[in-house]
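Labels for the chains are A, B, C and D, by order of writing; each one numbers its residues from 1.
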């Protein structure tokens, strides 16, 4: 059976390679979208997830005042941690990127702050806003930054990206199904004579259909494998470039898709291929 | 001839739609890459092109000192323009984004600067470095920022992107060629009987080949059209989202591909389709 | 594929389970009862055909072009289904076979198709061997049996040629070889000598008679007057949608068969 | 497509420019000179065939299965090319036709293919009409001429049926209709009655004779002894790769044609 499937594959090598390429292209698009999503997720986790509030302190505040304020803030139910960051520390933190200009800038440029980390369970827009409001009323606080606008926009982007990826994935799965189904239909059409003869001399259904199902599964699986390899190569090639430029700018260290996703892509591809083949057989073997 | 081509297309509607979809997908990838490149180019033009040098002034400098320094800097052969930016102006410039925290921050946080714009013809890494070196020696200058590292990285990314887009474009063009060629070969295979009969009853070469060439051109053209439309829809959908988040962050206002590029995509697609068809005919009509 | 046994006896077992129905051995191998087949309502092809064929018989079927000879044979190997009436193969109504049993019915019937039904890009060997391969036989067995069948139709040593390049008569002989290579219980030959020269046609007729002597039932549809003359077998004429027995002495043939030309 | 005229005279013009060669009218329409055709070196099919066919002749070609009858015809309509020797059509060597002229040669030759060469999913009408369509005729003209041709082969009113569902003999008649619908200068008929009953076979022979009386040259390859007996035309036997004239009185036939069975 396997032999006969291979024979069939070889008979129309051009076509078959074409459809593997197409499947690969489609799945590459999907995996690429998944990869972007994965990285966007990582970005959101880093920048948006444990919601951060920075309390800028007015210039005249004494150490005791600041410390009592810090403890008061730490006592708020929404706040998980409250940490005092002095001007010097702020400058140092900002200059760890190796930026000479920052490191040599006067320390007064960097106002002292108290960084609050909110409990993830408390992360709703209203909760954060109410904390900010209460803190802002304290006299020695010059400003409160909740990063809300930014975080929200980022989340919005992520949601949009997820929706887009979902649409792409659906389209891609349909495309893979259609391509394999179509290719198998071609194979069928090219071997209609053969199939008819097989039927007339008493071949069973499974004897006739088996090779085509295997063919479909192999097309889908091979396509997925090629897609994964292509994505890996592209990722390796672009990673350094990306890390050095845009990545550094928006603070993102690219990650690849986990192994389980990759494996399920390949398995899913070949299952989808077999399904497409079955559909083709259902339509093509009627007459 | 056209009629016979349409008849052929209708005969295997599924296959034909499939290959239009594939061509569209491939060209969509390419057009997407072009679009990204176009936008990356815009970004580099905005951020990297008129090389900017910021001269941070020491705190004690008097207005006269600063003005004489500015004029001296403007007199350098590499410098096209030298503009004094006071602390207040700096704060205002930074707060135009609507950031309340910046607007209400103490003016001392924003050091006064002289912004230099270098002549584009002078933009080489050494020239910029030498200007920076000379300026840094002046006593009332606290720091000189040439943005060199960043600009270079950005240019590197752009070059990398161009190379990647080139590779993608090549791959995509090959893919379109192969898909159309393959589809036409299918059409041929499905109508081999017909073609043989046509030959035997004395049909000329062009009578036999014409419909297939038209079919190929239509497949390529339709695929390109669909790709352009898809890209337009995706662009419209994501533009607002993007502008509000990542775009705002890296200071990018997305632009779409110019009309001429779109038109040449469609025309090129159909020409490539006809070529693919011709290749299929060359191979398929041998026997 | 493993479940089916080879049919090299003449006891058809076309149930998937290979169960042998002993009662079947005593029934006529083929009975057609009031068989109707209508493709176009204004011109029914078969209008109530009654025909009984005993195990081991040799029957000629003839009739004008478009009379329904091929249709009759197609009904027997279930390439078409009857519109009315029944066809009993070894006493069992083939209309009631499940889809899974049809292949097993067909393995008991060797068919020489009027339009050959060969795969042009396969070799002669492959075209004949396929009938054994679907039964799951060993390659070694297949090779020897195919070689034998090719020899019987006068194509020995030509197994490796592609069928597409053979002459019309050679292709016809490949079809014949495929029909007999499985040693089926029944052979249906639809115009098996239409592309053969008279000498070869007689040889092939001899081949079918030889097979028939071995116990195989043969139904032989032909237009060839010479063959009907040479071989004094049972003769059925299909005319106007009905079957007429036409060998009540050759004299009886004249009117029905000939439309004017006498047989002798 | 616009350049070619319809060949409804018997003056072949197979040059693309439609230029008429007046000298050609006085030459034999077909001359084969020492034609060799070898597919397998150990068994050449044609080994030096010499044959001259005059304008308006009717020639039977016969010979055993695999003798090379179809090959001979294929060489004439250039589906195969000669290995040695020449074939002159109206005095011009067809081996020297450019690729662009071959279609114009074929429009002057109507061929009844042994294996029919019909498009199964086209209707009867479409299969016949295609021969006129490639010449660029008006649909109105095509309709009337196709209807006439179908009537002549006894298939009137069946133009809308798909060819795949026709009986063997009906398909054969569609092929014949396609070959004669263009009113070509030469008709090559390869076993055109192999699937027809004797009465219809005689009718079709009559049809070809009628066409021949109109001036068309007919080459008729057949195995059918009855037709050879009924029609006292020139008879060429292909045997062992050579052409033998075999109607020096019917008596001369015996040995070559029969391998033992006498003709009369």
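One rule holds in what follows: a contact is a pair of C-beta atoms (placed from the backbone, for glycine too) under 8 Å apart; a residue touches a chain by one contact, two chains touch by 3 or more.
Owing to the predicted nature of the structure, the values given are computational and were not obtained by experimental measurement.
Using the contact threshold fixed earlier, the set of chains in contact with both chain A and chain D is B, C. Of all the chains, the one whose CA centre sits at the greatest distance from that of chain C is B. Remark: chain A and chain C have CA centroids separated by 64 Å (rounded to whole angstrom). Remark: chain B and chain C have CA centroids separated by 70 Å (rounded to whole angstrom). Put simply, the C-alpha centre of chain A and that of chain B have 23 angstrom between them.
Because contacts link each chain to exactly two others and close back on themselves, their graph is best described as a ring. Each chain pair that touches appears in this list: A-B, A-C, B-D, C-D.
Every residue of chain C that touches chain A in the complex is listed here, in rising order: 1, 77, 79, 99-100, 103-107, 111, 113, 117-120, 122, 127, 130-131, 134-135, 178, 182. Taken together, the chain B residues at the contact with chain A in this complex read 14-15, 18, 21-22, 25-26, 29, 56, 59, 100-101, 104-106, 108-109, 111, 142-143, 145, 150, 153-154, 156-157, 160, 164, 175, 178-179, 182, 185-186, 189-190, 234, 237-238, 241-242, 244-246, 248-250. Note for the complex: chain B touches chain D at residues 193-194, 196-207. The part of chain C that touches chain D in the complex is made up of residues 39, 62-66, 70-71, 114-115, 165, 167-171, 173, 190-191, 194-201, 223, 225-226, 258-261.
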